[in-house]
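Let me begin by presenting the structure, written as structure tokens, before commenting on it.
In this document, chain identifiers A, B, C and D correspond to the written order of the chains, with residue numbering beginning at 1 in each.
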Amino acid sequence: MDFFIKYLLSILIFFPVVSIFLLLPVNKKNEGILRNLSTVLSLIEFIFSLYLFVYFKENTYKFQFVEKFNWIPSFGASYFLGIDGVSLFLILLTTLLTFVSLLSSYRYIKEHVKEFVILMLLLETFMIGTFAALDVLLFYLFWEFMLIPMYFIIGMWGTGRRVYSAVKFVLYTLSGSLIMLFGLIYIFIMHYDQTGNFTFNILRLYNTHISDDLQLILFIALFLGFAVKIPLFPFHTWLPDAHTEAPTAGSVILAGVLLKFGVYGFFRFAIPLLPKAAFILAPFIIILGVIGVLYGAFVSVVQKDLKRLVAFSSVSHMGFIILGLFAMSVISINGSVIQLLNHGISTGALFLFVGMLYERMHTRQIKDFGGIAKKAPILTTLFMISVLASVGLPGLNGFIGEFLILIGSFHSYPVLTIIAASGIIFAAVYLLWMFQRVMFQDITNPAAENFEDMNLREIITILPLVILMFLIGFYPMPFLDRIDPTVLHFVSMMNHHKAVYTVIKLKTGLSNA
Amino acid sequence: MDLKILITWLIPLFPLSGWLLWGLLGKYFKGLSGYIASGFVVASFILSVILFFIVAYSHGFTNTLYPWVYAGIFKVGVSAVIDRLSVVMLVMVTGVSALIHVYSIGYMQGDKGFSRYFSFLNLFVFSMIMLVISNNLLLLYVFWEAVGFCSYILIGFWYEKKSASDAGKKAFIVNRVGDFGFAVGIFLLFATTKTLNYEAVFTAIPSIPPYIVTTIALLLFAGAVGKSAQFPLHIWLPDAMEGPTPVSSLIHAATMVTAGVYMIARFHVIFSYSPVASEVVLIIGTFTAFLAAFIALTQFDIKRIIAYSTISQLGYMFMAVGIGSYTAGIFHLISHAVFKGLLFLTAGSVMHGLSGELDLRKMGGLYSKMKTTAVTFIVGGLALSGIPPFSGFFSKDAILADVYNKGFYFAWIIGEITALMTAFYIFRLIFLAFFAESKLDPGKHVHESPKIMTIPMIILASFAVIIGFLGIPPFNESLFYNFLHIDFKNAYDFAPFVNNAPWYLLSFISVLAGLSGIYIAYLLYIKKAVDPERIKSIFKPIYVLSYNKVYIDEIYNFLIVKPLLVFFDFLWKIIDVKVIDGAVNGIASAFAGFSVKARKIQNGMLMSYILTLSIGVAALLFYYFIR
Amino acid sequence: MEALFYIFSFIAIFSALMVITMRNPMTSALYLILCFFAFAGFYVILDMQFLAAMQILVYAGAIMVLIVLVIMLLNISKIKDMKPYLHQKIIGVLISLILFIEIIFYIFHGAQKKPIGIFTHALIKKIGNTQVIGEFLFTEYVLPFEIASILLFVAIIGAYLFAKKKF
Amino acid sequence: MNSYLIVASIIFSIGTLGVIIRKNLIVVFMSLELMFNSANLGFVAVSNHLHLISGDIFVIFVIVVAAAEAAIALGIAITFYREKGTIDIDKANELKN
């Protein structure tokens, strides 16, 4: 057991890969076994990850479950893992959503089942690895590896212009992350120049001294890599395409986990490495985030395709998270982290529902639906809860995150916060309007007459998400308790930089005078 | 745990468990769920009454159930404040809810969404209770939105009807607009005071610059405008009548819509320290009272008439809180809850008897066929018109007297005119529905409602008669004032009394206004001394304006909704697809074009490859020389 | 020695020119063999008799046999040779001239290095050039040597595959 | 040493010229061999001048590579001839598109 806890992160990272070897001998045609086995394996993985939660020590910002081995000593690259309050929940989200999306695709994925489950498990490994890595090189490797399975998932099991979307997705993120790699390596070399040590250890790289101008350039380099992933306005156009064409499981993972990497990257790399640039650029990035909030909401209103609507709503929600992160107050960053989870949970759930509707009606056009509520009360109820969570109805999870973000950001950026807050009105407009047109009113499409309600498997798929919605809504303390110390440390670190920065600015200002 | 704390948390627990029970297991209970749900609310009511007496004979208290959101300095718990204001509200909310639950058993009999109905009704009662007892702004905001959600879901209860689901959505979104202001107010409040706890906020308020207090108060008031359907956000309430009538009665008359008034009374410290904001409250309240009454004059849908009358009466309440007469506002809130709830229930009974008919032009002569309904309706109508000794008289006159005595004459005149119009339109309704000659379909079978519906009506009617007597002796010696004003002791007296007009004089004017309204209605619709059609043609423009609800919906649609939709479409189709994607694809196609050119170099001829290679080598060597 | 060098140079340059100007590939091949012999001569002058032997064996022997074999196999001599385009010729001449000038320029302007190794003529003569090369090949360069053997192996397989009628 | 290098460069240029202007695959290949050889000569000459042995070793490897290359290239030539019926390298445009 000691061993298990000590190397838990490695176990979590490599368990899916190992489980692929369990799946390999299974005959391609035994789709049932493949599906069940992979689902069970991902459930085991999820249960393992719960140990992280249980053994995670509250009230400390220090990294936990740290593992460190030499990897490429001549570069100073190491196999260095560890989690804090932020990555803890992102890993939990990853394992949960992988389980959920595997379970959800029993009906959706009909061909190449074996390849599909293997790619999903592989993707899980890379995602967890990215969240757990504290070594820049390791992080970057996992980060790029992630694209490969995702590319295939969109390209092979997608609908419509799937290859176009997959290529667009890969090109966007790849071009962003190559620029990011340049920035990271530049910092790495600067650190070498200053200390004479090669190291990719992020905690040591934090201490690199970089001049203000250079920080700006490097920050923009890193920013491009992360902003594409989030995606921040105007880098978002890959998202609707990728989401719309991807299979349900792909959309869930894409929205639930992959988008989080951008924010995580800012939190772990861009801001602490280049704090001054972060302070200087924060208002501009927040403006982009707020534009994203409104823009996503506005565009969602007029969407005719269900999935595209949910995809644009993601843009809107991620804008909130960026606002909270760059406002750099303890409250707002807490809110952002909670909102990261919320977005994964509620948008993931929305995609699952869109998938279920699609499986039954073979269409995603809003106008083809209507009156579903009459036929499927369980689906209606759960769908409604998810919609409301996404709208940010108090008592559900979305509210806690949005409210913390807004109330925390208000002090530093009152006008922008107010503008962003108006986004919650439009969230209600587009989501409720969509819900009304899809679920309420009278049945217009004859295909809806034979609409089946959710079966047990689908209920089990959704249930953990719905439970989390209520849990975070009514009792978010187990989450906040673990996030708060990390965020507190982050903000105090930033404030220290900020104080130094203001002193310098004052001095130069005086000398100019 | 202390007994009173236990009671405090048991009150919301009953309806909450009801919601979970019907929500999850509704289909196993079927018909029974109505009775058990009502039982739960009755239990809450009994506990509320007990709590009322505990507080009345000792003093208020606060209690925190569990820490809810702690992030940095942002610390908010799930906590309750139990003082006289909240117990009065509790008793009112649970009492009216209990009666309406019972009534609903009859009204909703046979509906296929029976359990669902009671589930959400219970959820609403839970949210309303929590709204009333919450001890910080965040919790208040949560349940502020939660009641809005219940209202949304219950308005759209018959979701197959497009109009119903449209109305629900409209209610939710319009409320969200108000809530947006409310939320920003909370942000500002937190940014200035660093706390959201009532007690701490109120202590901090006097030391905050007045302009900030005013901003906060106005933003909070925006929430109240949305929730309590005041101009310019009143448009959702008439449409909300698409919901089942008991819902209209409970949510859109008695409880939820009055939350705005309760909120201002609860935050009397903030509002009283900002005379400007209070002035705005008064102006909006007065204007809304007049506007809604004006619209109600010409409507034919009985539920809509009552809905507009609700808006109008809420305007009175805002007048009261706008001049700092918080007890008067709350008193009118309570009495209005009783008589307006009653009016809706009786309207529902009429609908029930006429199988869903709402149009006044197709009614008439119902008095003989449904006596109980008619009598209780008239009681409610008299209370609304402010005829003594019915409750409306005491509560409305308390407000109008205060308005006069505090020197707001213009508001007072408008108030009196509104009172006249109020009496007119409600008796126009009564006369047309119950006394004028019948215009019913001859084949239609009209029947009195079952006992389970009439008994709550009778109970409410009797309360509508007796509850007003809490308001004697008039002014600041009344029972109600003495009980409640202790909670408002921290208010800043920004509008002192300037007159001391005797109550009988003011009451006389009000009663005169009410009676003349009734008399005009009598002349027009019973005696037919003047043909209503003639008046209609004389005042044609005004009539058209009133009949079309002053075109506010159309104006919104034309000025806001349409342009926004066009703009959104533009954003998506032009900005997103053309500009951004176009830029990206443009870069891509530029590369593609370049590579088409570049491909010509690779013509597949080995010769030229070698040639190029040699040129390259030569050039490279050359570079080394010049270096 | 000087005389030998000039003779070999003349033969090498002349035969190289012949290689590229002769119409018939067979003639070119024969001139190429001559050229290789001249190179072998250079190696002898430079005290690398082993390399000279290699040159004769591998180039003049193996590779040229292969080429001649292919020429005969395909019976190319009879195929009418295609005339190069004029502009190609001009460019070719120009480019190779430029290259040549550059190389010459480089040779004369590059820094003339002093001898840095220990393998003087005397030493090599004393040990014997074959032994020197052999020792180096099997100590310091043993890994490239092995790789070269793998390369050859691969080439054999590749040639076999190419020559097969169908892939 | 310079004289050796000059000879080497002359032959190298001739090889280049041959590669560029000739169209017969076999002749092109032979020109390539010429270039190899000139490079070899350079190696040996410089190595001799600097009293080193590595240049000579390198020549051995070059010969090895040349042998391997010859085997492959001639294999290609045969296949090419079989496919096209000619060994004009201007006909070798499979790389196009």
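Criterion: a residue touches a chain if its C-beta (ideal position, glycine included) is under 8 Å from a C-beta of that chain, and two chains touch if they have at least 3 such contacts.
Worth saying up front: this structure is predicted, and the values here are computed from it rather than measured.
Among the chains present, the centre nearest to the common Cα mean is that of A.
In terms of C-beta pairs in contact, C-D outnumbers the other of B-C and C-D. One finds 97 Å separating the Cα centroids of chain B and chain C. With centres taken as mean Cα positions, chain D sits 7 Å from chain C.
Chain B and chain D have Cα centroids lying 91 Å from one another.
Per-chain CA centroids place chain A at a distance of 62 Å from chain C. The set of chain D residues touching two or more other chains comprises 16, 20, 23, 90.
Shared contact sites, meaning residues of chain B that touch two or more other chains, fall at 607, 611, 614. Multi-chain contact residues of chain C (touching two or more other chains): 88, 91-92, 95-96, 99, 103.
Every pair of chains meeting the touch criterion is listed here: A-B, B-C, B-D, C-D.
Residues 23, 66-74, 138, 141-146, 149, 152, 156, 159-162, 165-166, 168-169, 172-173, 176-177, 180, 183-184, 186-188, 190-191, 564-565, 567-569, 571-572, 576, 580-581, 584 of chain B are the ones touching chain A in the complex. Taken in their complex, chain B has these residues touching chain C: 607, 611, 614-615, 617-618, 621-622, 624-625. Across the interface of their complex, chain B is touched by residues 88, 91-92, 95-96, 98-99, 102-103, 105-106, 109 of chain C. Remark: chain C residues 5, 9, 12-13, 16-17, 19-20, 25, 28-29, 32, 35-36, 39, 42-43, 46-48, 51, 54-55, 58-59, 62-63, 66-67, 70-71, 73-74, 76, 79, 81-82, 84, 88-89, 91-93, 95-97, 99-100, 103-104, 107-108, 113, 115-121, 129, 132-133, 136-137, 141, 144, 148, 151-152, 154-156, 158-163, 165 touch chain D in the complex. Residues 2-7, 9-18, 20-24, 26-27, 29-31, 33-34, 37, 40-41, 44-45, 48-54, 56-57, 59-61, 63-72, 74-79, 81-82, 86-88, 90 of chain D are the ones touching chain C in the complex.
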